[in-house]
Structure formats: structure tokens, C-alpha cells
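First chain written, first letter: the chains are A, B, C, D, E, F, G and H, and each begins at residue 1.
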């Protein structure tokens, strides 16, 4: 029933992005069946939201996979990663140490999509000098991914400092009212800074997909 | 039934703050009965949340009152305002033009409590230079009241720039998700900046009371 | 107090987008003071969220402004609109007639930012043939803005049909559970289609800013 | 106290459906007492929401039961399953692999109610070709059960393709905003496709009951 | 822009139900353009959620329409109503007087779809004798639509008394906690009665569509 | 710090009810200190919300206590239970097996308060005959406690059958939308049956206190 | 359709309380039909939630009715009010002036049910001396109804001062977070004071029904 | 990547408070790297939200740290605690035993900031005599921190008894509706007592920071 036929072979053509496997609700047995099928397709393989226990069991069976603990990713077929997919550099910014898993998920996915990234980690707004120190670097971004939990104010501040589009990722850091990333999500949706859109809480993969779609080299132009 | 006996005569002694009338749910008839009773007590009189229609009707009957439209306040007995109640200056900061009613409610109430105030209006985080331009002034505050709607990030930024306590007031500016000031409220409660506490959405009066309590000259000390 | 000094003169340099006035919480008096100041700056002028009653009063005083009823926009300085700001065409898609105000707000703002737009209106998912009929056109988009209320499924479907980035705008169409656009917002945040990010409910202006930031011609590149 | 007297003997007569045991809040001891009582009644036995640990303990005592892991069902008295209860075929559709437990719960319950089913699994809207490939089959359904998590858009799309009634089942797949199936539930309730009603999140059993009630052969007619 | 081309001509073929116009977000101008186009198509015409003020203005222009005040419907082309579309009688039950608008919307829509209906109004569960008095009649239903606000318990009680499928419609009757129909919606989704599914709050039209889909005479069967 | 001085010695005089210990957030060490102090006061002792693991550890140290597993109560000083505190019998009704823990918590607490109780368990509204069978018994109640999860409709039905006051207890039974008892709580708050008030979800102890306060023999009368 | 047959004639026998009309969703026409029917039944008549505009129109037609503005009640048949229905006095307590409409609704309904009441108005917890001054009077209550908005703390304080049962009524006073009475409702449900149950927000009528049910003279006893 | 460079060295100067480490989302490895770096800076070290398992592992590596179990704090560099930072005594009040962890977190942090504290534990409003017994002591506070769960009424009562500013901390004590501290949070935000502001649920550290900012000796004055 779970045969590889269900893999979406034409997705790359249609959307410009390879298929990735959302691992959260999949069993080890399902992953051990789907991932080898993807590996056989000579394209980079990514499975997201894999906890370390599941990863260990899958890797024991599918030897070609590598596990990235902070990002909770399984990857494979590194040799098939495309090069130079992007027009510029994608900068990934985080507010605090706790936003690292989401930022790393985005960074590694972009690497597998063939895009160049730079990171500015731990630049939350309660100490403004930390992000102001990077204002020149921010000007050079083609796209920015800004991950923040708690009050989620960093994307607003960054979007006010640069003309590049900002993808805001709320993270499920925090507690009490606004726990689970809701304060950050609502804050980002209500930002009055220009050039900012939001993906779901902790959705580092989604942010990477949007960044890749924006940064793609061969942007279709009416003139072509 | 609605006689003046219910006014809380000892509140000033107990809490150091005069009684103010919360006008939102009161009828013109109730206000026209309660406010003259307060005026007879030789103390500054404040009624909050009075829309202009109600204000006009009450002022027609109780001539000694003044209406402040932006702040939606009725005040009276100006001659009884105490002087020099505070140890320092209270600075009131807003993110945008739409936060003015709440900020003005706080500012006028503090004036009636006998405290000195300074204002920094329209300094939202999407244009950081606006608040950074005031960083020296912020150092001189005894207490700060920071009102912001939308993503509500300004109090976090201000609290990271000054050692004085910050009272954050979410305002019901915004729309969609987080409408009614909820994004701002949640953001402020989740702030990771030190020395910050929150009052209810649009509660300029409550912010003024807290600021006055903090800034009171004769702070009771165990040694004294 | 409300002098034009507070206008953010460097915003265009910093963010690549002209300042627009969020009209919802502003009084006619405030608008009649701010908008002429903007008109004097020789740049396109936009004020969003202006209901027709307010618009009439403002236009009576500030003759150079034009009102767009469906989009609820006041605009001016048409002669200063830049030309050819974008690398490609931005396609705006709506699910139903009720999403028109939001889509038109986005379309007119983009026109004032100097970007080219095409529209596909009334292509909701309950009649799939309506969006499938445009599949070739969708391939030619540089960026897409997809506005939908109710179940908010259209952006997912569109993002699965094209490699260009999709900006999803939930609209406050609907009733009962999910009223106010919440069903659409949550659906879009949970989309499993790649290359999709979300702005706040009814935020046509925000969608236009993000689309313009993505579509800007002079994308900063590390090599330059 | 927990004697079998409380079993609802007339339920089949009243509602046309056999009683099933909702296992989630029941202890092993309660199940080991109730299920044998049902087995003695010469009718198909179903207990839903039984995790594998509980199942193992119950089956060790009540040997006549079979456990279905994906569907989390205990069943018994297979020999008493009615045949040909339905007027047509019930088609069960899912958006993704993660919706399988809910779909299988519905499918097995329908089998025990004596209805014929066909399944179309893994046909989410981000790859429209997957559901379009089955459009002819969809025409032949008597009733459809469509299970989807995330944005929950599949039932709208299916209901727009077929005249048969669609029972939409939101599943608790997803994360962040809309986690727990709320995005899918709200989306389905706000669907503008005709001929669609919703059951609770993950309620595969409820969907099966509704489908069986609709598909029953001996529909009471005014002529009888 | 708003030409009749966007009307979904094949909807009747695809879904077995004529297109109806959701009037809530449409202007008088839009309705006065769309409805005559539908009238020209020689099929029954229904526009839902039309308040009496809008109705008056539209009827002044489009003379062929009739307004139904309680149901808030505009209808036309009565002469084209199909006859005998259904296999049996659809019974519509309400808990209280306040549920009438929703029930009448459902009843009139079903009449326009060509189905026979019977009504049991004002049979809330706080006086059980009211619904028990109709228990025989309930047995004769082909489908039931049960509308209730407040605690929303009536559909559970009815579904326990009859083998026919029950479509539960929460109504926005009530106040305080659970206002807007949420208590009723949640209650109906949590019903443990068999053979019950739910449509959105106040969605009488949606309930009618589902009831019509279930009650259609020519149910497609694999054998045919 | 945790000395017994903090026990509220005058509570019985003030409120007519002995102090009970809310065990949920207390450690074994805290319980092992507080409960012996209460035992020394020659009054019945009750500690609520004690899971079996905690109970075992506390009972190992404090030998005079008895654990009631379904009700999750620790009790002691049975010999000091008052007799005949009540004017009549308190009837406890539940909708399903899963409501037993809450009902038993209420029943045992009432026993320790010296009130007589009768129980009607498993009488949910999807099979009305179950509660109708007890209609005569319901007339004899002095007070009723009705516990129900899921749609929470049973208290409405019961309150419509009897003149005695009904205390409705929502239980955290159910799943999906309305999980955690919220559907039941909202339903009960919105009940239109007369003579019904609600306590918090799963608050069997609170229901017992209210029932005891209502049923107290020596009700203060103006004549005394 | 709206004939008087639907009035619940046996409600008084079953529940001990006369039927009252919930006026909020009823039209003037419906009220003008239902209320005369009730007046003819020689029992006290009450219609709740009638705004002054509706009241004026109904009273113009049905001359025997009296309107109570604060309580928003229409009453009639005063001559049929029973006397001495209660065993003791019901005390109604409010926190502030804004809670008066709810308290007065409860007080007048109880008067029509034949119960004696005493009121303690304006005794909120921010000035504890106000409620402490009445501690002796509180001891004499048979039942208490305590209405409070804002933080809703008054019922907890009162329930800690008296052995009589307390019916807590949250009122929709307040703003921002907790607006609509939700802060008060949640606070009351979470009260740790004994002998307290809650009715819905602003439900003065429901509180009166519960109080009357508790205070009824002829409480059914098993011995009788 | 996680080098100590990211520690915010100038925070003490800017905000008057030393940096503390929020331990909840940090791994043992991250803590074992950050804390020694802080210890080398000759200032008091605090890490909050450290569960006992994590604490044990960190202490095994970093010997200079002490673990405080109730407060869930790791502290170090006790010899560098400043003395006499405050102008007066900060009083910490709790409603119940379950609020102790939050109160102790606040108390220990204040000790490390160099402020004097006094505690009043277990003074909930259901037994008013407990807080009234301390009314004289309350007058002597410079600032108050009041922690309460459940209905969260204690801060209102305390703020009505003293002129000092009150910092209200909702705690995640309670269950059912309002679980997780939401009832307490909403209640505190809606308090009508003067001189009260709120921090996030369970945020003892935030309360301590605000109290320290208010109580700082060298308050900046305009005269200086």
C-alpha cells in the first residue's frame, strides 16, 4: 500500500523544488520504505522533523543517510546537490540560542536546494547593538529568513533596515501567555514593517522553500 | 440608591491615589450625580473613557468640568492638583499616531496626580532611528510608559536601552489576527527585556497609576 | 504636535518602498495634515483603509487626491510613479467576488510602486476548472498574490502549480467558526505546498510590499 | 457496578447501527468486562481508540478479539457481520500518509457495518493531478469520506467534483498555528463547496456512522 | 469586470445542485448584475444572506425576485423548480424560536432544489416532552436537519431516536461564553450519537445542500 | 516554612465545610507534613487529586490514610464523619463510564461531609430511555450533581425534569474540538434549563461543596 | 406558525419555576403574540433582555406590561405573584455600579418568583472594607448571588465569609484582555472558595432561577 | 558557534541588571559552556528554569554552581552579590503552597540583585483573615510581588491595601477552564485596583527584574 508510486515525480518540474519528506507523523517503517525510493531518484534527499531516536533506527537500515541533530534532518545524495541555484545570498537571522533548530533546518534545506547562506545568530531586540552591528551585511542579502520566539519583534526591526524581502519564522520558544509561538506569530503578522511575510511556527523548511522560490536564478520574465 | 456614600473616601490614604471614575459603563445620569460629589471633596477629579457625546451632556449640567477629547477624559478641580508628587520625570513613549489616545490618557492622569511627564511620540520599531535618536533622554527617566499596538515591540526595545522600570501598554490598534491589541499584549508579556511589566489593553489610566506608585516621593522605607 | 517632521524621509532608501499612510485609526484632521506634506515630497502618495465617508471629507480639502472605492485607497502624485521597478509580472488571484477589495488594494499599491500586474479573479477551489484554465498564465508570474477567504485553500493549489513564490492573503470573508478570516489564515499557515508565505488577514498593502520587495529589479547580489 | 446491563440493547433498532465501545477513557478492566458481554450478543463487536499496549492486555484475556494497529480498533464476531447493508460504494479519500489511521478506522468500521468501500489514499491538493486522476471513480461513489489535516482543503475540492454527499474528517496532523487539526476543522466548516458536512477531528468512527446512515439500503420512504 | 461569464455553468452537472449566490459580502450593484444573469438561465435562482434593506433595493431593479424575510432569501424562476428530486421527506427540527431564520433558509432552499420537507419547530431539550411527542414522525424521515443554539443538545437527542442521518446546524443564539454559536458547534462536534455530521454556524444553506445530496433520487450505484 | 500553622482552623465555622487539601501541585513531602496535622484536628480529612503513585508514597508514611483509586482521594479520620448533615438526598448522575472519577470524587466528599447520596450512572442523552427510566427518582432529590463530558447535554435534560437545583460538572472527556471538557463547559453555561449552575471542568470536589452548602440542615432563616 | 401552543404549560409543575420569555432574539411581533398568551394564564409574566426601544413598541400594544429599564425586563400579572416561596432571604451583592443591570434582573425575577431579597451593591475587592462592613448580614443569607465583572474576585471573597451557597454571575464589564466578561467567568470557575457555582456571563435570570430552586420552601425530602 | 562572545557584556550598564540565562530551551552542553564564561566575569550568576535532572548534569561539570530545587535556579559567584542595591524592602506574597516555585524564583533572584525581601506565603482570598493579619507589614513595602494562580484575586486585594506598586505574577496553578494560569492572568490584567502591573505566567524572574528596577537606590532624578 505504501509503495513509492505515491512520490510526486513531477514536483520539481512544477514547483522548482525537490520533494521532501515530512517525518513527524511517519513511522520508522514508512520512512525506511520511502527514503530509499527517493535516494534511487538521483536527487538530494531531505526528511524533516526526525527525532534522534527515529533517526538512529532509520539510519541503521538506510546507510546512505546522514542525521543532523540540531536541525532534526535526515539527508542523503549529497553528490546530487545542485550548485548556484540562487541569484544572491540568503541571510538567516535568529533572536536567541533557542531559535537555532528552526534556523538550522532552514539553512540545511537551502544548502540542499543549492542556495548560498550566511547566518547572524543571537541578535534579539532587547540588546539592539547586536543587530545594529550587522546593518551593512543586511544590505547585501537577496532574501532574509528571520526566526524569533518570545515577542517575535526581530523581523520587524530587520525589515526596517533592508530592502530585501523578509521571511519571518515564529518559533515555539516562550511560556505562559503566548506559549507555543503564538505571541511571536501574532506579532509578526501584525508587523508594520514593509516587505515581510510569515510562515507557520517552527516551519524552517517552509521558510527555506519560500526563500528558494524568491532567490531562484532563472526567474521567469515576460521578455523571455 | 446611587448616593455619594459609595465613594471610597479613604482610598487616597490607603493607596496614595485619588479615586477616578471609570466612565465607560456609566450613564449620563450616574455621572452627573457622582462627579459633583467628587468635586465637593476638594481634590482633583478625573473621569475616564467618556465619549464626546456623553461628555457634552455631562458638561452641560456640571459646568466645572473640562473635556479632553483625545484622552477622552473629564477633569475638574484643577486648583487642587498636588505639586511635586514625584521623584523624577515619567517619560511616555508611543509607537504611532494611533496610540495617542492611550498615551494622552496616561499623561493627563499623571498631571492630575502631580507628576512631571515628557513625551516621545511616534517612534515605532520599523524605523529604529526614531527611538535611537532619544537614547540620551531615555536615561533620564524615573519611570517609562510605552504604548504600542500592532506587533507591540517598542517596550522591549526601550527596556533594553534604560535602567528605569518600563510599564508596557498594548493598544487596540491593528486588524486581522491580533486585532484588539492581543498581538501587542502577548508580545509584551513575552518580552525578554528586563524591568518591564504590562497593564491591560488601552489601559492608559492603569499605566498612570502604576507609574505614580513607582515615582512617589515618600517611598516607605523600613529604616525611616 | 502632528507636524510633518515625523514622516520617515529615509524609508525609501532603507527599504526601497515609499511610505504609505495607514488610514484606519487616523482622523480626517490628521489625514488632512499628513497627506499634503507627503504630496510636497514629489513621490507617489498612498493612504490605505479609508472609508468613503472619510475620503469625501479629506478630498474636499486636499484636491490633488483620488479615491478608489473598492480598494479603499486615497492616492496622489500619479505623475511621480516610477516605471519598470519590477523584473517580471505580479499575478493577483482571488477565490471569489468578496476578496476583491483586498486584491484591488494590492493591485493599486503595486501600480504606485511601479510594478506590472495581471489579475485572475474568482477562481475558488470548489470549481477547479476555473483555476486550471489559467495554468499556463500562472507559469509566467514572477510573484503571485493569492487572496482567499472561507477555507482559504486557493494559495495551496496555486503554489502547487507554479515555481514562483506565492504570497497568501487571508480575507475576512466567511461566518460562524472561522469568521474574520481565521479559518483562511490558519489554512494558509498550514499549507503543505512549497514556496508560500502569509501576510495578515485583509492585508493587501502588506502583500503588495512583499511582492515588490521580491520583484525589485536591482536585487542586491554579492557579486555586484 | 459496571455490569453489562448498561449496554444499550435497543440501539440497533433505534438507530440502525450496532453499539461500539469508545475505548479511550476505559481501563483494561472495564474493557475486559464490557467486550465479552457484547460478544455474547451475536453481533459484530468494535472498540475504538485502543492503543497497542491496552490492546495486548485485553486480547490476552479476551481471545476472540482481533487488533488492527493502524486503525487502533479491536474487533470481534466477524462471522456476524451483515452483508450488503449499503445501496452503493463508500469512497474514502485521504490527503496524506498521516491521515491513514483515521481513514482506516472509518474503513474497518464500515466493513463491520456491512458496507462496501474503496480507498483513494495520498491525494493532497498541493499536487492536484493526484485527485484529478480519480475524477471518474469519484462519480461512482454513493457517499464519500474525505480525511485531511494541515490546511484541510481536499474535501472542498472533492465536493466540487461529485454530486454525492461528502463527509469531511479533519485530522490532527500539522503543527504550530492550527495544530491539533483546528486549521483543517475550521477550513472544512468554511468550505463553500456544496454537499459537505463535518465530523469532529480524527473522528473516523463518527464519519463511518454518518456514511452508513446515508448509505443504508432500506431508506424509509413516504410511500411505505 | 463583473460579467456573468464567471457564473459556474457546469456546477449542476458536476454537483447536482444549482449555483446559489452568497449575498452577505456582495453590493447591491453586484447582485443587480449577477441575479438577472442567473434568471436568464431558466433554473431556480436563490440568493442567501440578504438583509431587508439590500433586498428592497435589489427588488426595485430586478422585478422577478421575491424576498423571504425570515429566511433572508431572494428567490426567482419559481416556475423552473424541479419536482420530486428526493427519495423521501427531509424533516427540519429547531430547538427554539430564535433558530427559525436558519431553519427557514434550509427549508426554502430545499423547496427550490425540489425536495419535500416537514418541520418540527421549538422542541428544545429543556422540555423533553416536546421532541418525544414527535418520535413516530422522526422515524419517517429520509434525512433530518436539526438547528439549535445555546447548548446545542437537540441533534444528539434526535440522532439517538432515528436511523436517518442527522445534519446538525449550530445557530448563533446565546450570549456570554459560547456566544456566536460556539457552544452549540462544539457540542454538536462532540456528540456521541451515531449518524450525525455538522455544518458551520447558521449555515442553513449548507445544511440544505448536504440534505439534498443525501436525498437525491438517482443515487449512483456501481451496479447501474 | 511549611508548618501546620497555615491550616485554616476557622474555615469550618466560617463556611460550614472542613478544609480539604488540593493535592495536584503538592509534593509527597508537603502532603506528608500537612495531612498528619489535619488528622490531629479530630475532623474528617480529605486530599483530592492524588495519583496512585503519590498515594502509595504518602500512605507508606501516614498509615491512617485510605486511598480511593477511581476518585483519586486520600481520606482519614472516618470516625469523625458527621451524621445527618443534610436535609435530603443528593443524587449524582453521569452520562458515561468516563465520567466516573469525577462523580466518585463528589460522592466520597459528600459522604465525608455527612450527606446522603444516590447515584445514576451511565445515562447519556444519545439513549434517552436511560434517564427517562429514572424520572421518578429524580423528583426525590434535594440537590443533583450531573457530570457529563462530550456535548455536555445531560444537565440540561435533567434540570428540565426536576424542581431541585442542578450542579453541572463538565468532564474532560472527548477529543478534537472541545477537548479538555470545553465543549461540555460551554454547553452547560449556555443551558436554557432553569435551576442550573456550573463548576469548573472535572471539579467533583467543588460540586460536592456546593451541594453540601445547598443541602445543609440548619439553613440560616431570617426568623431565627 | 407562532401560536401559543408552543408555550410550555407544564414547566411550573416539572421545574417549580414559571416560564419566562428570552427576549433578545425575538421580534416585537413575536413578543406581542407570546406575552398576551402568557398573561391569560394567570401567572406572573416576565420577559428578559428587552431593550428600551423594543419595550416601548411592545408596551404600546400590550398595555398590561411594565418595563424596568435597568433590568431590561417586561413584567405583568403582578397580582399573581406568589408569596413566601422561599425559606430565607436571598442576598444579591455586586462589585460595582456597572454590574447593576445584571443584579437588578436577578432581583426582579426573584421578586416575581415570590422570594425575599436584600442587596449589597458596590462592594468590589479593591476596597475590602466595603464588603467586610457587611459580614454580619452575609451570615443571614439563605443563598447569595454575587455579580462582578473585571477580575471577578468578589464571589471568592464572599464564599469565604459565609456558609450559604454562592451563585457567581460574571458580568460583561471590562475591556481589553478579558473583555466580554471572560476574565470574570474564568476567575469564578477557578475559585478555590467552597460552596460556589457559576452561571453564564450576564445571566441574572439564570442566577435567579438557581437561587429560587435552592431556596424553595417545600424541598422534597425522602422522609416526606 | 556558541562562544561566550555572544554574552551581553554591557547589559549591566544599560539596564542596571546582570544577565541571567534562561535555561528552559538550553541543552546541558550549551549551559556548561555559557555558565563558566559568566562565572569568569566576577558577577553573580543566575540560570533560571533548570529542572533537577539538567541541574545535576551541569553541576557535575561546573562545580561552582549551587542548585535551588523549589526555585529551579542555578546560582554562582555568591561572593560578588552586591549589597544594599535597594531603597526599601520588597515583599513577596503568595496565595497558596503551589505558588511557591514562582515566588522563590523571584526571591532568590532579588537576593542576587542585592535587594532585601520579606515573604508572606499562603494568604489566598478565600480566607481573608490571612492577608488582613499582615496589613501593617504591607504598608512598609517599597514594592510588592504578588503571585497567585486559580482566580488570581490576591494582587487586587493587596493593591487596595497599600500605596506601593504591586507586580502581579499569575501562576500556572489550576485546571479546567483557565488552566495554565490564564484565568489568573486575565483576572490580574482586569484588576480595578490602582498601582498594579502584570508579568507573564510563572515569570518570577521577570517580576524580580521589574521590582529591582523600581527599588534601585540611585533613581535618576532631574535635579542630578
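Rule of thumb we're sticking to: a residue touches a chain if its C-beta (ideal position, glycine included) is under 8 Å from a C-beta of that chain, and two chains touch if they have at least 3 such contacts.
As the structure is a prediction and not an experimental result, all values here were calculated from the model.
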- Looking at the contacts, which chains touch chain B and chain H alike? A, G
- Query: Both chain A and chain C are touched by which chains?
  - Reply: B, D
- Message: Which of E-F, A-C or A-H has the same interface as B-H, meaning more than half of the contact pairs match by residue number?
- Response: A-C
- Query: Taking each chain's centre as its mean C-alpha position, how far apart are chain A and chain E in Å?
  - Reply: 45
- For chain D paired with chain H, centre-to-centre distance based on mean C-alpha positions, whole Å: 51
- Averaging only over C-alpha atoms, locate the centres of chain D and chain E and give their separation in whole Å. 25
- Scan chain D for residues touching two or more other chains and write them down. 11, 14, 22, 127, 159-161, 176-178, 182, 185, 189-190, 192-194, 200-201
- In contact, pair by pair, are chains A-B, A-C, A-D, A-H, B-C, B-G, B-H, C-D, C-E, D-E, D-F, E-F, E-G, F-G, F-H, G-H
- In the complex, go through chain G and note every residue touching chain F. 11, 14-17, 22, 87-89, 116, 139-142, 159-167, 185, 189-190, 192-201, 206-207, 209-210, 212-214, 216, 219-222
- Per the touch rule above, chain G residues touching chain H in the complex are 96, 124-128, 132, 149-153, 156-157, 159-161, 174, 176-178, 182-194
- Give every residue of chain D touching chain A within the complex, in rising order. 97-98, 121-122, 127, 129-130, 173, 175-179
- Item | Interface residues, chain D side, partner chain F - complex | 1-2, 6, 8, 10-11, 14, 22, 24-26, 30, 170, 172, 180-182, 185, 200-203
